[in-house]
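These notes open a run of structures that come right after.
Common to both upcoming complexes is subunit A, partnered first by subunit B, then by subunit C.
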Partner chain A sequence: MSNSRSSVFDGLLRENTVLSSLLVISPVIMCGDTLRNAEALVYAFSVITFFSVMIASFVPKKLPYAVKIIIYAVISSLIYIPVRIVTQEYFPGIVARIGIYFPLLAVNSLIVVQTETKFFRMKKLKMTFSLIFSILGFDAVMLLTAVIRELLAYGTINSKVVDMHTLISGLGMPFGGFIFLGLMCGLYRKIRSMAGYEDNKVRSEENVSGN
Partner chain B sequence: MFLVTELIALLAANLILTQALGTSTLFIAAGSRKNLVGTAVVITIFTTAGSLAAYIIQRELPEKYSYLTLLFYTLSVGILYVILLSALYFISRKGFEKTRKYIHLSAYNCAVMGTLFTITEKAQNDASFMTLKSFFLAGLSSGAGFIIAALILTAAYRKLNSAKVPASFRGFPAMLVYLGIISMAVYALR
Partner chain C sequence: MLKEKRNERQIWLDMIITLLTLEVMAYFYYGLRAAFLAGVCAAVSAAAEFICLRLMHKDFTADDLTCTSDALIIALMLPAVMNYRIAAIACVFAVTAAKNIFGGRNNMIFSPAAAAYVFMMTSWRAQLLQFTEPHVKTGLFENAGNLVSSASHSFKVTGKLNYTDIELLMGNFSGPVGAVSILLLLVAAAILIFRRDISAGAFIGCMGGILFLAYFVPMASTPWLSVKYTLVTNMNLFASIYIVSDKRIAPKRNYYAFFYGLLIGAVSYILVLTTVKENPIVMVSVLFTPAALAFKNLEKRIELAKAEQEENEKAAEQEANKEAEEESQDYELNAETDEEALLPEVSEEEAAEPDSFLYELLSETEENEEPAYGIDTAEIIPEAEEFLYISEDETEEILTGNTEETAGQESENTEHSETDEAESDEENALNKEADEDE
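Our next item is the complex of A and B:
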């Protein structure tokens, strides 16, 4: 029971989607510099990924690997359309600011890689919870990164000015995103090893070798 | 001098170093020479052929249906995916077994889809870019950019994974910081 329970929470803590598996890192690096961007991305990522994986779970398992991946990508591309419309309504201007990273969320690794290598190997209920925690794993890292980078790079939180004496403007740039995420990954690993979890290589080419 | 200028231009427009597209695939590609060659070749095929498909979609898709762009790009990459796998299967079964993992890895990769959207964005901002040749060259240079980024990472791969690096930072975290430093240098070139 305990094993099963811990694996359900893996995407959030032990095998965090971003910090451990290094999945969906481009939006975190490029758009995770303000809380406003992060909120829009978190909403879009969560809705697109959840509904895409849930609907994709009904795709027959007997189909060839490549065909299934194409169907999953098409499903998420269709879900992207209403999500984009709603985002334009509630986060005006954000879609333009996030640019190409918004549609790229629809073909994220959780949908086109982890479905076959992880989620669809589980029973439905367990898969649903595991998926929710994997999404939350991305959401948590995205929001945390955005808050810290916005504060240190621009001296604001959610566009509200905070009294900061020293700003590190480079953190708002892509290279700042790379370095900050690298440091967060290292810190996360340190905490994980202190908690007694063994370090293992989560994402390898075997994960995507297909059938 | 021409080569140096071209190299600087490729670095400055590099999708991985400037836009973080396909970073996690790059880590896999940089792991070994075999992976590097396999992934780089397949990604270049996808970005180049995908760019040609993107050109046709952009030319034929009316403005009012622009929200369908992602769907059409997904379908065109899907078609390329099937064509590439089928071609490889009929050419050589042995080659198919060896290479298919690179095709699976590259098809819906951020580097490929990101290239299509970056080129599209460029064409929308600059009408003179809206030619088949421009799309083709942009797709090809994206693939070349991936190869350059992979070579840069490969050069430091062993050291970043060596025992001299603290265990918590060994591997992915160190590689991210390293890419950040290279990205900073590339930023200065722009």
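Our next item is the complex of A and C:
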């Protein structure tokens, strides 16, 4: 029971989509410099990914892999159209600012790769929860990165000025995004290894007692 | 290993000494603020290094103080009135993001100081490129007034500098605190090259590339003026010594280091010529780190190939020697066995008396006029040759063993043996007496 629960939550913490698997990092680096951008991306990513994977799960498994991937891409592209319209309505100007990275969300790694290697190997209910937590994992990293980068680079949070003495405008640039994400990955791995040490300890004790 | 460590410490010490002399010059021109800024950078770097090493479960040793030389390089590339907070952030960035993330001081990819400078250029360009005039001293915590652009900028815009040669040599013009003292930098370059603390190939290549282009594609009215002004502006000399020629980054062999430096120098001059960028040499040196890594990989491959070749040659030599030894041993064994097979059976008494066996051999050879038993007596015993070429009378005398000489020798031998025995008895008696006395 505990194993199945942990595998469902894996996408959020233990196997975080961005920090652990390094999937969908380009929008985080390129567009995750302000909270406003991040909100639009989080909305679009969550909706497109969730509905695309859920609908794609009904595609017959007997079809060849290449055909299935094309079908998944077609499904996500169809979902992308209304999502874009809604985003333009609620986040005016953001879609143009994000540029090519916004339509690229339609063919992100969770839809194209993780469906076949992870989600479609699970039962429907478990897959749904696992997918939700994977999406939440991306959303959390995206929002956190955006808040910190916006604060340090522009001295604002959600476009509201915060009293900052020293601004590091380089963090608002793509290279700053790379460095910041790299530091976050290092921190995440450090925390995970500290937690993993306890797991390993318990496992080793179990192995000893089992023997 | 010890030698490497000693070298590393020696290099660090030499670098620190040259950097401190530049810092003294900065103190002379800009007052205590320049020195305090360097102190802040060194302290923050050391603290950041200590924290990083603790996080990586490593000990902070004396060798890790090398971070302070990078801190001083950063401080000398800044204006004297730079905000301390910005300098501290740059130092933290240099130690963490540009150095320890890649594995620390033994696995550096970038020059930490260069990476920090690029980081500052992207984030605080305005503060980084605004300077006070020399001899304008600002208080430790005062805000600077009357900021001016650097001499590099005015040279770029106007194509000339309104300073005398002495002023240019002594660094009496606006610019980064450490990068303007041209005379000191030239001395430092000479010292560091002769003490092999920096890569001579990279330095010569870099300066050669810059000055060659400055002469043939001048930015000033005459080629020599262009060379002179290019040498003193845009931190070309400073960066060539402390960033491009950094032994931790540049290729080891001077041949490759020369081309690495040449590329950096040429590209940075072209950038100065074609864009409005100031101090592009630092940025180019960071961008060319893949070239340095590629050259280093090439060097490693060449060294490996050489080592393999030497090993193969040694192995081949050893095999050849072994084969030669085996062949000689086989040859000797075969020769011995052949000789043994050809030799007649000799009784113990005959063996004890080799003369009798020789006599047999000689007599049979004489009788048959062919070598007896197929053995050439001259090859077996060298003295046999003498026996072969002596007269018949002598051979008879020898064979009978009744020669006068032998008789005389025998008598002499017996006399000698008697006298020897007597002498030895006397010696023994003397020794005994000496022992008793003791």
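Note that the second predicted complex is superposed on the first by the 196 of 211 C-alpha atoms of A that agree within 3 Å, B and C clash if a C-alpha of one lies under 4 Å from a C-alpha of the other, contacts with A are read in each partner's own complex, and residues count from 1 in each chain.
In this section, a residue touches a chain if its C-beta (ideal position, glycine included) is under 8 Å from a C-beta of that chain, and two chains touch if they have at least 3 such contacts.
Small disclaimer: the values here were computed from a predicted structure and weren't measured.
Contacts of A:Ala106 after superposition: subunit B is touched, whereas subunit C is not reached. Using the contact criterion defined above for the overlaid structures, shared-chain residue A:Leu13 touches neither subunit B nor subunit C, since it reaches no partner. Contacts of A:Ala66 after superposition on the shared chain: subunit B is touched, whereas subunit C is not. Looking at the shared chain after the overlay, A:Ile98 reaches neither subunit B nor subunit C. Judged by the touch definition given at the top, the superposed model places A:Thr166 against subunit C, while subunit B stays out of reach. Of the two partner chains, both subunit B and subunit C are touched by A:Ile179. In the overlay built on the shared chain, the residue A:Val141 is in contact with neither subunit B nor subunit C.
By the touch criterion defined above, A:Leu131 lies against neither subunit B nor subunit C after alignment on the C-alpha atoms of chain A. Using the contact criterion defined above for the overlaid structures, shared-chain residue A:Ile79 touches neither subunit B nor subunit C, since it reaches no partner. Residue by residue along subunit A, subunit B and subunit C are tallied for touches, and B comes out ahead. On subunit A, the surface touched by subunit B in one complex and the surface touched by subunit C in the other have residues 170, 173, 175-176, 179, 182-183, 186, 190 in common.
Looking at the complex, you find that subunit A touches subunit C at residues 165-171, 173, 175-176, 179, 182-183, 186, 190. Chain contact summary for the complex, subunit C toward subunit A: residues 55, 83, 85-86, 89, 96-97, 101, 119, 122-124. Across the complex, subunit A is touched by residues 18-24, 27-28, 31, 35, 67-71, 74-75, 77-78, 81-82, 85, 100-101, 103-105, 107-108, 110, 113-114, 117-118, 121, 166-169, 171-181, 183-184, 187 of subunit B. If you check the complex, the residues on subunit A that touch subunit B are 22-23, 25-26, 29-30, 65-67, 69-70, 73-74, 77-78, 80-81, 84-85, 99-100, 103-104, 106-107, 109, 112, 170, 173-183, 185-187, 189-190, 193, 199, 201, 203-205, 208-210.
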